[in-house]
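What follows is a group of structures, each given as structure tokens.
Common to both upcoming complexes is chain A, partnered first by chain B, then by chain C.
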Partner chain A sequence: MDMKRDYYEDIELFSSGTVLFWSVAFLVFLFTLPLYIPSYNIYLFNIIMVHVILAVGLNILVGYTGQISLGHAGFFAIGAYGTALLMIHLHLPFLMALIIAGLISAFFGFIIGLPALRLEGPYLAIATLGFGLTIMHIIGHWDIFGGRMGISTPPLDLGLQNSPYSFVIEGDVKIYYLILVITVLMVVCARNLMRTRVGRAFVAIRDDDIAAEVMGVNLTIFKTMSFALSAFYAGVAGGLYGFVVSFFDPFTFNLILSIVFLVMVVVGGLGSILGAVMGATLITYLQFDLLKNVEELPYMGEILVQFSRKWLTVIGLANFGSVALGLIMLGIVIFEPLGMFGIWIRMKKYWKTWPF
Partner chain B sequence: MIEQLIVEGLAIGACYGLFGVAVAIIYKTSEVVNFAQGEMGMIATFVAFHVLTVYHVPFWLAFIITMVFAMLLGMLIEICFLRPAKDPTVLGLIIITLGAEMLLMGLAGWKWGAEQKDFPFLLSVQKTHEILPGLTVNEWSMGVFVLAAVIMVFLFLFFRYSRLGIAMRATQQNVNAAKIMGIKVERVFSITWAMSSLIGAVAAMFFAARSVLDPNFMMEPFMRAFAAAVLGGLTSIPGVVVGGILLGLIENFFGYAWPEWKPIVAFVVIIIIITVRPSGLFAKHYIKKV
Partner chain C sequence: MKKVMFCMGIICVVFLMVTPASAARPGFDKKEIRIGQWGPQTGPAAPWGSVARGSGLLFNVVNEQGGIHGRKIKYFIRDDQYNPAQTVAVVKELVEREGVFAFVGGVGGACGKAVMDYLGKNKIIWVGPSAAITDFVFPPKPYIFAVYPLYEDEGSILTKFVVEKLKAKKIGFFYQNDAYGKDGLEGGRKRLATYQMNFVEEIPVEPGEKDLTSQMLKFKNAGAEVVLMFVNPTVATIALKTCATIDYKPQWVSSDTLSDYGLMFKITGGLWEGVITGAFGMTPTADHPLLNMYREAAKKYAPEERWGTFYLAGIVFADPLVEALKRVGPKLSTEACLKQLNSLKDHQTIGPKVTWTPQIHQGTDSIQVQKCGPNAEYILLQDWTSNDLATWKKQPAKKK
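On to the complex of A and B.
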């Protein structure tokens, strides 16, 4: 199955007609989604899509290039604050502010990528972690960023603000369509990138950086590029996130958020766009919907309440989300290191070769 | 004033160093960076708090119970979470320890709630003694100095002369060669985690006495301690303590000059040190072989 016979087959955007069909069907489903579900649930989908952009970007860095980042909440914050502040102070149109904020974030990614040339493994994790926390503290301490109180986002204006060309988007459903278009664009870009020379250079660095260098891959350029690209994705995701939640403070972008981002990629499956999408969807759904009210969980809720009453505290049951996330992280590395994508591949293989 | 700053910086730095040693022991033996170290100390401190306030046991007994608990916790995490993973990558190991961190933090919040508590510790920060004219030192700092010195000397001798310590060093250098020499590598790892968890728990109790006790209280000290460990070089025990003391001094002086930027000093130091000299100030630089 899935035997690649020549180079051109390997670099096709859709590996088969089936994939193309289901991709189009899935897109149609997404574009008509607001017709089937109540509009208050659209908010959840907005958050999911923002996280999908981020996870796809983080996957470029972690899954394809093999670097580690525990500071993506920092890039996310730069994107969110950058977009909002550019719109408030310079009155830029939304998309322009979003792209500029993304580029600022990419610049910081480039800066962090420079020391990353010499670092690997745990040291890189610590350096990026320090970066994320530093960004959080700087934002919290400077009044221009709204300080500890946080800031509210301005109206989402696609045109020029306060002019006849103003085009304000309001409501979750309209924002949904805007984010959907951007998400599809970003995901397709990432997929495309991986089919090019750059994408193959990333993979070569992941598999063995010394071998890659010997083969003529310029580590300096491609490692920093990977960081910058990943940071750009995180920045764009952050910019959109700001307008989805419409209010944020520096402590939104804490270490736990960086960990959760990394978990999305690992749970979804490293080195796979589909995996990143699945991981982001699952983790966001768990965090923002299923585990928000633990008492109301089907089947489990009542048992958990009884258990907490007997051994722990009922009021602390809200921490169940953290426990569940920890167990997922442990379970995925111990039992399924390839993540959900690995499960998907196994299932596919099982059915394709069924009687054997 | 300046002597006071130095003494304070030395004390908090020694505490960072002590906690950094806990991180360094595990890294030294198994090359795992234990991101759950802070939360392991946090849970142990909560256990001490629990037996002190609920069962009203004397402090020395609570201390012993906590130490035993911490050792068991360390072993449990190694046996349950790290051992079953087959050939984990560096990222896999980081995810495992981060997962353990989230798990422990969630459990602590579930059991003891998020509100901040005062930890009734034997040595108080308030009680001060004037040891030299114009120089007062509080009991807490004295305790930290004594403890850090004792543990450092003990570990130095332990790694140099004891059979177990030499086995740990052998395991770090080459796991397979150590196995051939008859070292039970798994057992060495468990003992390492127990030792590290124990030292971490002692340091965490000191941190709790200084600030407050809640499920998040070890996050920042852990980061500082890690910075200290990186500063000194993760594989050198005396280096880590010296690194901690240096960091404590830098942080205290910096914090005196610009109080609002004190929290990020440690991170900036981490980033600079890691960039300029990744192996730390005191550790030998290992060059990776192809």
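On to the complex of A and C.
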């Protein structure tokens, strides 16, 4: 199996030629995807990629550093509003606005990271939860943010607006390529980061923060850095999300969204980049497609809907989506604590050692 | 690695250059006309989802009568869970995969705004958005036709009712702190100004507020006999329950968003009895030939459905489109349908009279005034009333 002879082998980006080959093949597949699937599905892929960026970022915080956040919808909102408003009011090019919005979000992440130095577990969860809700209400209050009626995003301009250098991107397919490039970059960055001193410091804090500090990891720096990084990812994801959907209001970024983000990371597998990617993909697909069409499932559909009508609702309507999400999460925590990533590892092991 | 990135770059650039144009289907053929609607069928906003199913009843009835000039209506309901991101997803699917001709209804201001531009670009007609958002129709959008009365008009009509019929001298106004509440307040203020009166108390509320004791005490101390409210169901419920504990019983008058008496009666534990509301459709229990026919049809097509305001609203919002399609005749096209919609005048079935012109796409300014009875039944207090102070009818260009 995987025999490692020295440290650098252990931290290689691609652990073998096979992995490199399949990674490249997968990327080529992604880049040619719009050729195989109809355009209305591209929109779903855009949403999935946005969630992938966010889940990878959240995983840096939750999975690698062992801190919890129930306020990531807040960072997501800062990114979305920041990008759109910077483009509307300051006429910045899209990428610049996106990065600045990400940095603003990171700054807020840093601020939230400060109380996290003293808070742990449920207390940290409540503090971050408060942050997420506060952001939602502050945005709703101020007219500069479009108030509670929300704002529409301007045209997605990669160049300078209203000038000969303007380069407007329109349509789901073009946005798909833009997001794909950014997603690949950010996922590779996250993976690289975890192979560095910083990444190892995060893991050390997760395993035991006192032991980490004794070994020379500066908790103040690394904990806040983890929050800021995670918030940066959420901010960038939010900025992209705004342009995918083209309209959003404060209520879009509610508490449930924060929880769904957390579900993505837990279901995918804590402390694994691949896990976050898988979790975000699965949960988004479930939410946007499968769980809504439960009724159309063969055999099962009718029974599930009847069950839900009878036991799981106050108003007599099918209400299966959130219950199913909750059940999936419970099942994962009880039976497969490593999440989808754990399943993936077991499958790999099985095939590698086959027929034993 | 560099080579890989380079190749990616090239592929990426190539694709940015050549993107396949989506070829939308015309939305109808010789046998059917495809019509879609989004609406929350699951999740917390699901009670409003009955709007979409109500439109379905109307289309069933139309199909039963032989369709429209030989074409049956094929109707698609998609669940968006009241989430704009999901609305965009389902609308794109309906437009690009199913090829729909038009949308009707569609619950949720944010959901509608998320797809408004997309529908316009794809030249899809959208009749009867079920939210009174001024952006939908001011300035007029060529493909959007609104039926839902504006909150400002409703605020004005309800205030007139309170002053003239209830003879109230001290009136309070309780409103949600956003466009919905503020538009209602604006209408109320303009109306009161004509009587040289003012609200004794105007109190805004945030949609998520849970403790309303101080607000209710203010109304009580100001001695308001009638309180108008433009709020959401949760806030209304808390307000009524709070007033019960501080022994304050004003006459509540609410906007039509809370006109589902069955639901409100249930969640307020019976306190909704006696509340007066505006209404965008006639009372579900009214004896009207068309309504009786729909009621019979509902027994057949949707026996489990609760026969309530929002279900009927689905019929009200979709009805003008059916009428326009009938008038177009066998030679159907989007342009022909637009022409008929733009010349619809005083068309009335079980909702208000609807009139559209190429300059004004807000179809009506009329509401009914109804009251909740002891068993959540509907009592009609005032038939269709239009707002004589409505400004948009005179100067459509000036209104934002």
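Assume the second predicted complex is superposed on the first by the 339 of 356 C-alpha atoms of A that agree within 3 Å, B and C clash if a C-alpha of one lies under 4 Å from a C-alpha of the other, contacts with A are read in each partner's own complex, and residues count from 1 in each chain.
In this section, contacts are C-beta pairs under 8 Å (C-beta built on N, C-alpha and C of every residue); 3 or more make two chains touch, one makes a residue touch a chain.
This is a predicted model, so every value here is computed, not measured.
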Specify the outcome, clash or fit, for chain B and chain C once both structures are aligned onto chain A. clash
Contacts for A:S152 in the overlay, against chain B (first) and chain C (second): which applies, first, second, both or neither? second
Check the residue A:I221 against both partner chains and state whether it touches chain B (first), chain C (second), both, or neither. neither
Of the partners chain B and chain C, which touch A:K174 in the superposed model: first, second, both, neither? second
Could you look at A:V245 and tell me whether it touches chain B, chain C, both or neither (first, second, both, neither)? second
Give one of first, second, both or neither to describe whether A:V19 is in contact with chain B, with chain C, with both, or with none. neither
If we overlay the two complexes on their shared chain A, which of chain B and chain C does A:R118 touch? Say first, second, both or neither. first
Contact-wise, after the overlay, does A:F288 reach chain B, chain C, both or neither (first, second, both, neither)? second
Touching partner for A:S39 - first (chain B), second (chain C), both, neither: second
Given the touch rule stated above, what does A:L27 touch, chain B (first), chain C (second), both, or neither? second
Share the list of chain A residues that count as touching for chain B in one structure and for chain C in the other. 137, 141, 315-322
Quick one: in the complex, what on chain A touches chain B? 62, 68, 70, 114-115, 118-123, 125-127, 129-131, 133-134, 137-138, 141, 210, 255-256, 259, 262-263, 266, 270, 308, 311-313, 315-330, 332-334, 337
Please name which positions on chain B make contact with chain A in the complex. 27, 33, 81, 84-86, 88-92, 94-96, 98-114, 215, 219, 223, 226-227, 230, 260-261, 263-264, 266-268, 270-271, 274-275, 278, 290
For a test of understanding, state which residues of chain C touch chain A in their complex under the given definition. 4, 8, 11-12, 15-16, 19-20, 22, 41-43, 46-47, 49, 78-79, 81, 83-86, 88-89, 92-93, 95-97, 109-110, 113-114, 116-118, 133, 177-179, 206-208, 263, 304, 306
Chain C-touching residues of chain A, taken from the complex the two chains share: 24, 27-28, 31-32, 34, 38-40, 43-44, 47, 137, 140-141, 147-150, 152, 169, 171-174, 177, 180-181, 184, 241, 244-249, 251-252, 287-288, 292, 315-322
